[in-house]
Amino acid sequence: MQTVLNLLEVEPIRLLISFGAVLFLVLNLAAILTMAERKVSGYIQLRYGPNRVGPRGLLQPAADVFKLFTKENVSPGRSDLWVFLGAPIAMFIPAALVWLVVPFAPDAVVADLNVAILFFVAITSIGALGVVMAGYGSRSAFSLLGALRGAAQMISYEVPLILSLLGVVMLAGSLSLVDVVRAQGDTIWTWYFLPQLPMFITFYVSGIAEVKRVPFDLPEGESEIVGGFMIEYSGMTWALIQAAEFASMAVMSSITVTLFLGGWQPPLPFLDLGPFNWVWFGIKTALIMFTFQWIRWSVPRLRMDQLMDLGWKVLVPLTLVWLFVTAGLMLLFPSLGA
Amino acid sequence: MLGEERRAGHEGALTEPPSSRLVSPDIRDEFGLETIDMNMGPQHPAMHGLLRLILELDGETVVRCDPVMGYLHRCQEKIAENRMYPAVIPMTDRLDYFANMHNEHGYCLAVEDLLDVEIPPRAEYIRVLMCELMRLASHIPSIGFLMLELGAFTPILYAFRERERIQSIFEAVTGARMMFHYIRIGGVKADLPPDIPQKIWDYVESLEAHFKRDFVDLIEDNEIFISRTRNVGKMTQEQAVEMGVTGPALRCTGVDFDIRLDYPYSVYPELQFEVITDTAGDVEASYRVRIGECLQSIQIIKQCLEQMPEGEVLGDTGRRIRPAEGEGFGRIESPRGEFAVHVVSDGSDTPYRVHYRDPSFCNMQLLQEIVPGHYLPDIMPIMGLIDPVSGGWDK
Amino acid sequence: MPQIGQGIMKGMGVTLQHLFGQKITRQYPEYKRDLPERSRGMLTVDMDRCIACLQCMRICPDHCISIEQTKRDADGSGKPKPYPVGFVIDDSRCMYCSLCVEVCPVNCIYHTEEFEAQAYNRLELARQFGERPVDPTVDPKPTVKKKKKATTKKAPKTVERPVTEKDGAA
């Protein structure tokens, strides 16, 4: 027993085992999120959602996965097959990789990089590539439109995404996510979402845009270009794209929680659970994911030019202005920084 | 006029007219730009039925939009030539399947124009009551479909909750939830069951109570809805009248034309209601006109329930309906516009010719005129303005 | 550009209210609602009363009723009368318009409250009521009395539409 635990300290084995655990978590999270999405949407729409498979419908993801495994993976005749099949992989891998740097609890992070925020930003940019590969590889007019819209949207919303992080970086004084979580104290009013409220809102909205959810789901555009870049996918390839979408939604929520809502810190000091603080992390991430779903089922979607206007003309100036405000306040009150 | 005070100061997202976004073909050739020919085909989840749109796109701007209809054509007008007059009524149910009562009413008015049967007053009131309930059951899902195509998935479920409740009232009165076969030549088939007037009254009161919360608060002030629908599909009055548009699509441009008041039929002269118009002529205006018409329908239903006289419900048409030679014409205000039926009789048991003037068919001309210059995602709100039903345009 | 603000918050408040409100769906096979008494379900025939007048077969718009008629003395009165020896109702065609119910002179065909017409094979949906099975795939051709005079469908004389002052309106 002791030798097994000693083995876990050895570096490559620790990384592999914890990465395997995180991958297991991500895949299960994607499946559970499909279920959560359907139940939340059902309850908002005055119905129950799936409630036949298993008690209260909790085994529905298992039924879904089983069905998708047994479905045929159709690909269009003229499609560029390597690009077509590589696109779901290119969409899923970034969503899974970012979990390596997310701190779940004190001393529970797979890879404690000191440039974790840069890592996060770089890896999420690869998602745009996956969208373009999917749309281009399908060789159909609808998917081409969806891919171009997706590329334009994801690239333009990365700018406010990154700019809104910079306030947090200035306040914490470090690019490491572990330091950012520790720098936010363990009381709810010292977390960064209050002093950085415009940045929090910008990061949240840009996060929704990066994940391509309503109101920014024009690349998928269900009512006009039915499925957009993923219109030609079926079976397991489609399931992988959906898993990528839900996994990236979970990743965005967890990074939002880490940067602005205190990560694994409890809201009040006496609620500290020690090494079990991942419970607080889980609760906060679930709350943010619930708000993603709540917004999805309440508002219509934006049109492309309105989406671009929002990104470039509203969010970018807001973040730039607040960046200067933060810098100015840090000069005036030197105790603000770390 | 609705909406004028709301628009002051908030132009919305489209400040320049859509057609100015169209690049002229010479400039396109000079720069070597091409357009994409795309097909929003008959298989589409949001096409209001089976409509094929042949689009020519310049990037995201629509240059040309040609609707191709006929995927649901069932030869109703031809089949009606082989059916006896009362047996055509179940077929008219299936024309515009969101407004069945109106179709039956229009056909029966046309045939009663050929005969000289006297319709009892109670039957007239019941007909108007059923038609106004049907108008509610049609306008509320229309709003839901508009929101569904804009991307909001919940208002349609709230809308169908209302439609289900109205359909259960219809089931108690007529026996079926959708294809009623209730309005007959000379009256209606059977009287209302004794507990139905109270049920209708209770339902209408409860609808009035939560109508604002579910269909107005959720949608009207939503900034995304306003940006997607204000100044989109903008029509002038001249354009609308020239294309023969009727119904809420016409009234949202400001033309005050409603068959119930201009060519009155049945007991509408005895009921008090207003015609809702809006000046803007865009999709948001049509949404507002439909909301206003729902509220007016609720008032009409209440008045019908209060004023309904006692009596029988089916006039005496004789054993066989065999009108003399001639033509009969009946026109009514269906939720989509003017629905008119022209029946030509040659003295036998079956009509010589039945022609339906369906509002969905005539309003579809708007697509070819209005859409060029808009973006591709704008086609769906414009379909929400026209609100066609595929059984209507294809017959 | 859109200003995101109170309107969206108001809409989200409405959906949150519905999230915690009452659900309106019913779990179908366990709960079946009471149908009103006039509701039109699948048809059924009381063969004891049927007099094989073929009115329902003639009026049905979808040709879903087929009757094989013979003359038989069924009630012992000595005179052979028309008797339905085969009666089939094809549920795959019936559109529940209730025209047959209305023309039946003896009220023997009527709607039940069942509406679940399901089978694994389309031909199983044709329900036989008589002694001898009738083939539902053959279109019924009822005996039509020959008309004495040929009705030619010539164009009728038209009637002038009265022109009112409303024609200039709109």
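Here are a few things to note about the model shown:
Order of writing sets the labels: A, B and C. Residues in every chain begin at 1.
The rule is simple: contacts are C-beta pairs under 8 Å (C-beta built on N, C-alpha and C of every residue); 3 or more make two chains touch, one makes a residue touch a chain.
Source: prediction; values computed, not measured.
Annotation: B-C is the more contact-rich of the chain pairs A-B and B-C, by number of C-beta pairs in contact.
Nearest to the global CA centroid, when each chain is reduced to the mean of its CA atoms, is chain B.
In whole angstrom, the spacing between the mean C-alpha positions of chain A and chain C is 54.
One inter-chain figure worth recording: chain A and chain B are separated by 43 Å, centre to centre, where each centre is the mean of the chain's CA atoms. Measuring from the averaged C-alpha position of chain B to that of chain C gives a distance of 25 Å. Among all residues of chain B, those that touch two or more other chains are 13, 154, 158, 161, 218, 222, 224-225, 227.
Across the assembly, chain A contributes 44-47, 297-299, 302, 306, 309 as residues in contact with two or more other chains. In chain C, the residues that touch at least two other chains are 1-2, 4, 8, 11, 14-15, 18, 24.
Residue ranges on chain A touching chain B, taken from their complex, read 41, 44-47, 141-142, 145, 214-215, 217-218, 221-226, 297-306, 309. Across the interface of their complex, chain B is touched by residues 1-8, 10-11, 13-15, 17-18, 24, 35-40, 59, 61, 95-99, 111, 151, 153-159, 161, 166, 169-170 of chain C. By the touch rule above, chain C contacts chain A in their complex via residues 1-2, 4, 8, 11-12, 14-16, 18-19, 21-25, 27.
On the chain A side of its complex with chain C, the touching residues are 40, 43-48, 51, 205, 294-295, 297-299, 302, 306, 309-310, 313-314.
Those residues of chain B lying in contact with chain C across their complex are 13, 83-84, 86-87, 90-91, 154, 158, 161, 164, 168, 171-176, 179, 181, 190, 193, 213-214, 217-227, 241, 255, 257, 262-263, 325-327, 329, 344-348, 352.
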